[in-house]
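For reference, the structures are reproduced in the following blocks.
Look for subunit A in each of the two complexes below; its partner is subunit B in the first and subunit C in the second.
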Partner chain A sequence: MEQLLDFSKGPLFRLTFAIMVLGLARIFVLDLYEAYRAYRRAGDKTLPWKQITLRSLTWLFPVRQVFKNRPVYSVFSILFHIGLLVVPVFLYAHVILWKDDLGFGIPTLPYQWAYGLTVLTIVSALALIIGRAASRSSSFLSRKQDYLWPVVLLIPFVTGFICAHLGVGPRTYQFFMLVHILAAELIFVLIPFTKIAHCVLMPLSQFIANLAWKFPPDTDEKICITLNKKGEPV
Partner chain B sequence: MNRVQTTKTFLWFILGLASAVGITRFIFGLGATTNLSDATPWGLWIGFDVLSGVSLAAGGFVITALFYVMRREEFHPFVKPAVLTAFLGYVAVVVGLLFDLGLPWNIWHMIIFWNPHSPLFEVGWCVMLYTTVLLLEFSPVPLEEFSRYARIRNFLMKFRFPLILLGIMLSTLHQSSLGSLFLIMPFKLHPLWYSNILPIHFFVSAIALGFMMVIFESLVSHWLYLKDSETDRIARLAKIAVWVLGVYFVLRIGDIALSGELGLIFSGSWEAGLFITEMLVSTILPVIIFSIPKLRYNHRWQWVGSIMVVFGMVFNRINVGGLTMIRATGDIYLPSWMEIVVSMGVVSGAVLVFMFAIEKFHIWEERPRHPEAYPFAPAAFDRASGAWLGSPLMAAGTRYSLAFVFSFAIGFALIPDTKIHSEGAETIPVVRARGGDTLFVDGNFNNYGVTFKHLLHTEITKNEQGCATCHHMNIPLDKNSGCWECHKKMFTPTDIFNHDWHSSAAGAAIPCRVCHPAGQQRRMETAKKCDACHLDLFVQNSPVKADGYMAVAYTDAMHTLCVPCHVKKATELADKPDLGLCPACHNINPPQERLELLKYGRTERSLKPVILPPQKSSN
Partner chain C sequence: MRTKKITTEEREKAFKSLRKSEVNEKQKLHVRYHVEDYETNDRPRRFLEAFAAILKHSNYRLALEHFIRVSAKCSRCAVTCQVYQATGDEKDIPCYRSELLLSVYRRHFTVGGMLKGRLSGKGWLTDEKIEEMAESFWNCTACRRCNRDCPSGIDHGLITHLGRYILAEIGIAPRALVVSTREQLEGATGNTSAIPVPALVDTLQFLEEDMFEEKGVTIKFPMDVEGSEYVFFPAVSDFLMEAETLMGIAAVFTATGDSWTTGTGYFDGINYGLFYSDRMLERIVKKIDAETRRLKGKKVLIGECGHASRSAKYFLPAYCGGKDAYPVINIMEYTWEVLKNGCLKLDPNIVTEVVTYHDPCNIARQGWIIDKPREILKAFCKNYVEMTPAGQDNICCGGGGGTVSIDEIRPYRTTIGGKLKADQIRATGCKYLVAPCANCKKQLRELVEDQGIDCEVVGLHDLIYKAIIFDDALKVKTPDESEKMEKE
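Up next, the complex of A and B:
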């Protein structure tokens, strides 16, 4: 158990964390580069830049959009995102680990806030699963991974809550801590390769969606060549 | 995936590993990444990256000399790739050298602070100038692609011939001066390699290696890009190379014979084995292969011969660079995996740039055929998800970047924790003070310690706090614990609390709530103090107050405890004015007490038995 904990805190953490950071950077750069190439080839280079910027920003902080469609679900979704981002980054117990290794830390959450946000995240994750399953239209659109993701994301929160706020014995503590770390590392690895990649791709989405309809001037001819039907009418 | 893409993926993978290690090297230094030591300060990065790198890049000057000076027109197709290889080779040498230099940011010093007596000065200047010359020699090729730079290109083309002559001259200078570097170590380098004409050996072997690198490169390009093979042209080049290799062989053996050391070759020693292997692989066998016309014109034998010379000459540089010095230094050096990975990464990077240039610019007579350069190639789809990966170029980029990300992460994970987290100072465990009433305090066991009259000090401190004047803390279940029981390391602090042992199920198995109160952040400041459980931990009335969970280094503990008191007493006692000075404790000559300490049957009154110094295996 001890060795497993040490391994998951040391080499395994570095492996998965590097995969997450570099993997996210990779898809971001690849997306941006492909978008740049598409833009360079495009016959019509006019893009509604102002609209794209405004929409990207409003969707980054979707306060106005909340009450338009399924307000309860939206509110829980926003709360879930806040908890998901704030708790792991600003938790005292996490910051102290960075501080020990890097020599500097960031401001931390007060104890009561950490407690409350963790509970809130757990509750809203459960609400999201229920909301997804209960609504016919969204359950029709959902894949298996859409149900699985909130559950996977919950594991570190639940185990972390047990370790931090419940008075458990050392053996139980170590077990839950191991589950906590391994689940977080699983999430790290999955982030760049699944839909959670929207954490970096989201700001690009409006831009790329607009760009997708700008074809190069001789697209129709090239499609014909690719399909071995050169010279035929489109 | 085709051959080019598989190769590129592999190269990107190595580059990823090397990047992780390279970052570690620049953040945590040479000690964290290499096995270099004071006895072996030049390792793989010098032997392979620099010495071999420079000679592997010799193809540039050899082929330009052959084509432009000797007017051998049939070798024209070799010129551009050879110059490109030379340029990339030199850039790789410079990058490799930056890894090896302790203070790489001071590399510009040689431009301003001249030391014209040093061969390294000559090497540094020549490499710097020659890399510039190569850049100018090669830049017309990429400039060809952009019409707006046509004037610059025409300008450079005008100065082509002087540039090429300058390049040949500079190469001649520093290929040989790399050999001159080793003239300074006649006693370190084995006599089979050491010679007064070592610079000439280096120069001649670099010419031979230059030919072979051009051949090797042509063969690899043929294999990789399915290019038309150049068997006839290679054979003609090999014919010239045989003569150069022959001259090299005569030089080496003749030199050894003249100095009367031929017997050493057959002495059967380890070095003799190295020498015979090196000469066989680098010279004798290739000369035989390329002298027989039937083999010389055979594609497979060309592979065999050129690989032999390349490996043999690299082996020669490694031998000179350090492998044959082991007997003299007595320090067995094996490069760490991190050194090997960085060397491979530098080479991979150079090869990737080479492939990029081959695909983008007009280096060969015809552009290579491969899918990334072909605009109408069928779309690539991800095998697992079936997702479209973008244009062929992007699909390939997806793959390379994935290889890079994973290998970087693996490299990052493999770097040993202990080396990164070291404080830079070597951890030296403290040995307890030896003796009885007179103690010999010598924490790091180098026999350069302090004789401490314990009995005398107990009498002096009787009127003060007694034992508690110095003894301030006990380890649990103990009384009068010695200094060394907490201050366990000579120059670095010791964690005497060990949180993880207390909380671990295999250790003390104490639940968090025992020390950390519920409903609060679990931090050091709010936790219960040690003496809440360990009642006898702190010695009462002791003027020394220990706080925190770290015990300072042994040397710090001794000095902060003894010095203030000694300084104070020096002013109080009229007969001992020198008490506060260093020699009061640190005697240059071993005092009588220490010699007495090592004798049995001392006349002094003793309360404790004499503890003999523990045996240490070496030193």
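Up next, the complex of A and C:
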């Protein structure tokens, strides 16, 4: 058990973390490269930068959007995202690990805050699953991954909570810690290849949606040639 | 005049229009709108070929690649879509509609999708899927309201636009749009309403005489005047159906004295290419550019029409020279400018009824023209009321995206597409519903008729024509008056 724990804490962690970072960097760079190509080809290169910036910020911090549309679901969604971002990064137990590896630390969450936020994240995830299943429109749209993601994301939170706050025996502790680490590593690996990729692509969304409307000139002729439609009547 | 209300039964009957089965029989295609006869064999292969060609030569891959990664299926768009809100059919949720095309892209144009497809042996593009797309993409009014509420920034309007484009490449496009575009690009008259130039000249002369009788002022429609500041392209149907709007515009130019002209070489602002094919969009936009060049004009002036304005404003630079393309303005921007400068005077005692303003999606959604028409209206209408929501979040008239031109689906448009709009209009209790867009006007007139709402759908310049005050110097004097003036 201990060997397994060491392995998952050490080499496996580094490998999966690298997959996540490189995978996200890959799609981010690919997105930007495709945007660069599109921009170069576009006939009209003026973009509404102010509007793009404003709307990107609006959706990165969607406080004002909450009550307009699906308010309950939206509130839980925001709480869930806050929990997901804050707890793993600023948790004291995690920062210690970072510090050992990297040599510098970052501010950490007070104990009560970590406790509260973890519980809140767990509750929000459950609420999101229920909200998804209960709404006619979103249950119709949902794929398997849409239900599985909150569940998968919950595993490290629940196991971490058990280890940190429930004073379990050493063998149980080790078991839950192993599940905790392995689940987190599974998440790292999956992030770049699933919808969670939005964690790095979201800031580009408004820019890309606007740029995609900037058509290249003379596509008519090129497409006619490719499809062998030259001279064909309308 | 209050017409009969439509009962639920009638509504259902209208929706299950007989034509659906007729069309199916003839076309082997399960869509309500009429499509010209075309090859029904081998459709998936041809669809994918067209898709590949379009991806190669356009910028759509950027959006598709991004959207397949970020789509979170939160269904916020369901709440904003007026079609889904009216039908309650899950297949009308914008995100589902987009997924139809995104899944084809994922399966056939990404490595992961191809591998997954090969392994599972599923997910091929089938005939049934093409039929579903052919139906679905034309149920959408392309108003792009859902985009405003998508946390992932997915532009479902863009996906619908692309889906229609690919379908058009394999021959699936509403006959109404294709026939009009054919006349515009290849026909003898060169415009969508097939108006020959002599008929146009006659119509305008007739309007000039009319205006002289009504206003006592010589108001001209200048034709083919080279070197004018503005070359005017209204929705060509205005010449047949919206005389008052044109008269209002001519009156404004007479009051200000700026130079403008309509070209007899090409005088149609309509661009159905925006609704079904980028190739046609490009060809039509280039005709506007060529005519402006021929007349040595300085700016392109688009009449009261949402899609004509958008297709010129955003695609003239795209296809005709980027920064060097002719500047495009909408007539309402011009009128606002001259009203602000004090060149235009309007009588505040003429229009006393309740007036409300409908935002055409194509000019309001991106925040282009929202406040200017309102300021104009508030300047002379005592009883102006606002619809909610309005502006960038407005609700579509229900005939957007070219669907208004498809007469086969009028019952669909007036009972489903325009249901929320009808409720909005009723709530204002307006007498005049100002809709500065040829498509919105047609749809809203049919909507108020079918839904039994007592109001009149007008253009902004129709009201301006009623209220405009001319300088005395412009008025034609009687012989007595002229003598007096000379003596003084």
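Here is the rule we go by: the second predicted complex is superposed on the first by the 227 of 234 C-alpha atoms of A that agree within 3 Å, B and C clash if a C-alpha of one lies under 4 Å from a C-alpha of the other, contacts with A are read in each partner's own complex, and residues count from 1 in each chain.
To be clear about the criterion, a contact is a pair of C-beta atoms (placed from the backbone, for glycine too) under 8 Å apart; a residue touches a chain by one contact, two chains touch by 3 or more.
Note that the coordinates shown come from a computational prediction; the quantities given were computed from them, not determined experimentally.
Clash or fit: what happens to subunit B and subunit C when subunit A is overlaid?
clash
Figure out whether A:K222 sits in contact with subunit B (first) or subunit C (second), or with both, or with neither.
The answer is both, since A:K222 touches subunit B and subunit C.
With the two complexes superposed on chain A, say which partner A:Y92 touches: subunit B (first), subunit C (second), both, or neither.
first
Just to be sure I read the superposition right, which of the two partners does A:Q51 touch: subunit B = first, subunit C = second, or both, or neither?
A:Q51: touches subunit C, not subunit B.
If you tally the residues of subunit A touched by each partner, is the higher count for subunit B or for subunit C?
C
Identify the partner contact of A:M1: answer first if only subunit B is touched, second if only subunit C is, both if each is, neither if none is.
It touches subunit B, and subunit C stays clear.
Mind working out whether A:G167 is in touch with subunit B, subunit C, both or neither, as first, second, both or neither?
A:G167 sits against subunit B, while subunit C stays out of touch.
What is the contact status of A:L30 with respect to subunit B (first) and subunit C (second): first, second, both, or neither?
A:L30 sits against subunit B and subunit C alike.
Touch test for A:K230: subunit B only (first), subunit C only (second), both, or neither?
After superposition on chain A, A:K230 lies in contact with neither partner.
Thinking of the overlay built on chain A, is A:R70 touched by subunit B (first), by subunit C (second), by both, or by neither?
Once the two structures are laid over each other on A, A:R70 reaches subunit C alone.
In the overlaid three-chain picture, which partner chain does A:I19 touch, first (subunit B) or second (subunit C), both, or neither?
It touches subunit B, and subunit C stays clear.
With the two structures fitted on A, what stretch of subunit C runs into subunit B, 22-30, 112-120, 292-300 or 400-408?
Stretch clashing with the third chain: 112-120.
Show me the subunit A residues, by the header's touch rule, that subunit B contacts in one structure and subunit C contacts in the other.
The answer is residues 30, 34, 37, 222, 226 of subunit A.
In their complex, what parts of subunit A are in touch with subunit C?
Touching subunit C: residues 27, 30-31, 34-35, 37-38, 41-46, 48, 51, 55-56, 59, 62, 65, 68-70, 73-74, 77, 135-138, 140-143, 146, 193, 195, 197-198, 201-202, 204-206, 208-209, 211-220, 222-224, 226-227, 233-234 of subunit A.
Under the definition above, what is the set of subunit B residues touching subunit A in their complex?
Its residues touching subunit A are 20, 376, 378, 390-391, 394, 397-398, 401-402, 404-406, 408-410, 412-415, 417, 503-506, 509-513, 518-523.
Quick check: in the complex, which residue numbers of subunit C touch subunit A?
49-50, 53-54, 56-63, 65-66, 69-76, 78-80, 84, 90, 93, 95-96, 99, 112, 147, 149, 151-155, 158, 169, 178, 181-182, 185-186, 278-280, 282-283, 314-315, 317-323, 325, 366-367
Please name which positions on subunit A make contact with subunit B in the complex.
1-2, 10-12, 14-16, 18-19, 22-23, 26, 29-30, 33-34, 37, 92-93, 96, 108, 110-111, 164, 167-171, 173-174, 192, 222, 225-226
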